[in-house]
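Two complexes, one shared chain (subunit A), two partners (subunit B, subunit C).
Let's turn to the complex of A and B:
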């Protein structure tokens, strides 16, 4: 299973990390990287990755999106949905040509984003994107694998009819796989919704049963859990908006006051990002507290008293890339063994939290309270696939 | 049936054009058959529409052989069934590649030529996925022969009709050859449901009092006779590989 860097703001951290051998490739973000700069990047940074074309909102020229030739506003000012009827073929050609020019590993068919779930979504996506993209790719004799972008909304997981519609549509497309993004609306930093996680696993499993490649985007640590459905890749990102999909990232909103999140440090043993403020308490109250966190080249610096924790500092993220990549890569190759392995990891983490909480009480975003749900999800999934 | 001085035996199909929909459907069949020059399909020679009488006339090859309905008992072993299935997949892949779904596969629409090659007839209700759908969305049931139809046809869910719909029909035909009875027949399933009801509930036979189950057929049924297309073979390459794997072992 591969691990891709989900890039965005401060993508140089991902690139630097990748160049040190962490991760299998990069997923590029047009909103954050000028098209010309992307073209100039060395081929070794692109040939094992792909671009997310980010046509989620047709008319939003967020960041550097309008530097891309296929950006709809460059085809026609004030581009809107009806324009797709006339220029979908041109858009497909420009988007495919750009991807070919960069020589990425995969060609990505984009998708649009809707806040609701319109009944015409799949038919329109076929007409506007899938058919013109596939026609052009095949007519051009392009041999690269094609991935279809799909945003899986919560209702597509919870409602059987919507789920079946989505799965029948996806598996009916003549593509090699999917770039799958689960839209998670949970208010907590870790996903604690049993039904959501269980249904997401089934969704992935069904796509794999159909012989499709499944590449998951915008993952947080639940990538570890998703791994039991045997996707082809999971992703890891730095900031929270790269570890959970939200459309705000693509909206050109008025810049209101921004509130940075508190810096956090990932622990593979705890399967949790821990608020740095607890590290001071750990130091005072837990013997060998440093052992709760993985070794990495960044750890010594971060544990120095003078380290000035801030969410814009690179070290905690680079540490996460290194540690999480290692954690994913050490998973067993067989599904059965992987499920057992993850249950053991979860149980160990739960036990560690119990010990920690003898001395230090943690809030709901640092305390591992997602872990019991995750354990139950693995058990339920294990039972389901035995049927 | 008639004899043409140059072509030989031909079949003349005449019928009433009941509506614009049926006319368009027939025209599509003709256009398709004129393109398909394959032993898996009958050759088309002539097509005429009489607007005044609202009738159509088609002249096509007479296919010598027996329908699969008539010759079903000669396909007894799994090897014989899979060999025929492989030929059908080869023939149908021609239209599937053109984004066309047959939608009315049944033993009566498959003629086994004297050399054993199946010839697939009656593409009249084939749905041309590239063109605007002709069947009315509000119709309670799509065009098909209900007892050989996939669930999505029975509930007229046109959005999900694709080659996997034909896989379902092939699954029924294969199981019928194997079991000697329709796999969704309530009489043998010992329930009181009709075949259509059983199709919609995914109740099907894997063995009878006279025929023991065969794991190859069980697997074929499990990957074709599913309610949801996403639980069937995803494309004909997968179906073909499955059949080949079991023919070669």
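Let's turn to the complex of A and C:
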């Protein structure tokens, strides 16, 4: 299973990390990287990755998106949905040509985002994107694999009819696989919703059973859990908006004063990002507290008293990339063994949290409250696939 | 509850406190400070009408910069917390109730400890130094 860097703001951290052998490739983000700069990047940074075309809001010129030749506003000013009827072929050509020019591993077919998908969503996506993209790719004799972007909304997981409709549509397309993004509306930093996680696993498994490649975007730590459905890749990102999909990232909003998130440190043993402010309490109350956090080249610096923790510091993220990549890569190759392995990892984490919470009282975004649900999800999934 | 409680602490311990200070770890409703031998001691109060567990989690964060932290609950809804007083003892978090006017009762008085974060303690000292509050009617709060 591959691990891709989901890039965005400060993508140089991902690139530096990748160049040190962490991760298998990069997923590029047009809203954060000028098209010309992307073209100039060395080919070794692109040939194992792909671009997320980010036409989610069609003509919203967020960040550097309008530097891309396929950006609809560059085809026609005030481009809107009806224009797709006439220029879908041109848009597909420009988007594919740009991807070919960069020599990415995969060609990605974009998708649009709606707060609530219209009833014609799948038919529209076929007409506007899938058919013109596939026709052009094949007519041009391009042999690269094609991935279809799909945003899976919570209702597409919980509602049988909607789930079947989505799966039938996806598996009916003449593509090699999907770039799958689960839209979770979780209020907490870790997903603690049993139904959501269980149904996400089934969704992946069904796609795999149908011979599709499944590449998961915008993963947080739950990538570890998703791994038991045997996707082809999971992703890891730095900032929270790269570890959980939210459309705000693509909206050109007037930004008011923003409050940055608290800096956190990932622990593979705890399967959690712990608010760094608890480290002071750990230090005073837990013997050998440093052992709770993985070794990496960044750890010695982060544990120095003078380290100035801030969410814009690179070290905690680079530490995460290194540690999480290692954690994913050490998973067993067989599904049966992987499920057992994840259960052991969760159990160990639960036990460690028990010891920690003898003396340190953690909040819901630093504690292990997601883990019992995750354990139950693995058990339920194990049972389901035995059927 | 907050306004009445402020009036109460002001009349009981003086005016050396700051309200809802941002930029620490959590936002305590009040942080009382006491200068002792060139050093500062801090007592934080987290006020909640109910939901003691949430208040306790917040109060624990305040231990990063405080020597003593209290959860102060409205008397009417304090029973669930009082039934779980051992939880407060386990984490060395003070538990008190406030019923308006001068009806303040301490149910568990925690031990004084060093704040977990030197950095946050220093930040708090700098905030106080900048505030230039003229001290009035100060009575020791740590020994209350």
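In this section, the second predicted complex is superposed on the first by the 387 of 387 C-alpha atoms of A that agree within 3 Å, B and C clash if a C-alpha of one lies under 4 Å from a C-alpha of the other, contacts with A are read in each partner's own complex, and residues count from 1 in each chain.
Basically, a contact is a pair of C-beta atoms (placed from the backbone, for glycine too) under 8 Å apart; a residue touches a chain by one contact, two chains touch by 3 or more.
Note that this is a predicted model, so its numbers are computed, not measured.
Because the two structures share subunit A, they can be overlaid on it, and in that overlay subunit B and subunit C fit beside each other without clashing.
Contact with subunit C, but none with subunit B, is seen for A:281 once the two complexes are overlaid on the shared chain. In the superposition on chain A, A:171 makes contact with subunit B only, while subunit C stays out of contact range.
Of the two partner chains placed by the overlay, only subunit C lies in contact with A:363; subunit B stays clear of it. Within the superposed three-chain model, A:4 lies out of touch with both subunit B and subunit C [touch as defined at top]. In the superposed model, A:211 lies in contact with subunit B only, and not with subunit C.
Working from the superposition on chain A, the subunit A vertex angle toward subunit B and subunit C, CA centres, sits at 140° in steps of 10.
When the shared chain is aligned, subunit C comes close enough to touch A:305, but subunit B does not.
No C-alpha atom of subunit B lies closer than 46 Å to one of subunit C in the superposed arrangement.
Overlaid on A, the two complexes show subunit B and subunit C touching no common residue of subunit A. Residues 159-160, 162, 164, 228-231, 234-235, 238 of subunit B touch subunit A in their complex.
Every residue of subunit A that touches subunit B in the complex is listed here, in rising order: 122-123, 164-165, 167-172, 174, 206, 209-212.
The residues of subunit A lying in touch with subunit C in their complex are 275, 277, 280-281, 283-284, 305, 358-364. For subunit C in complex with subunit A, the touching residues are 25, 56-58, 60-61, 63-64, 90-91, 93, 114-120.
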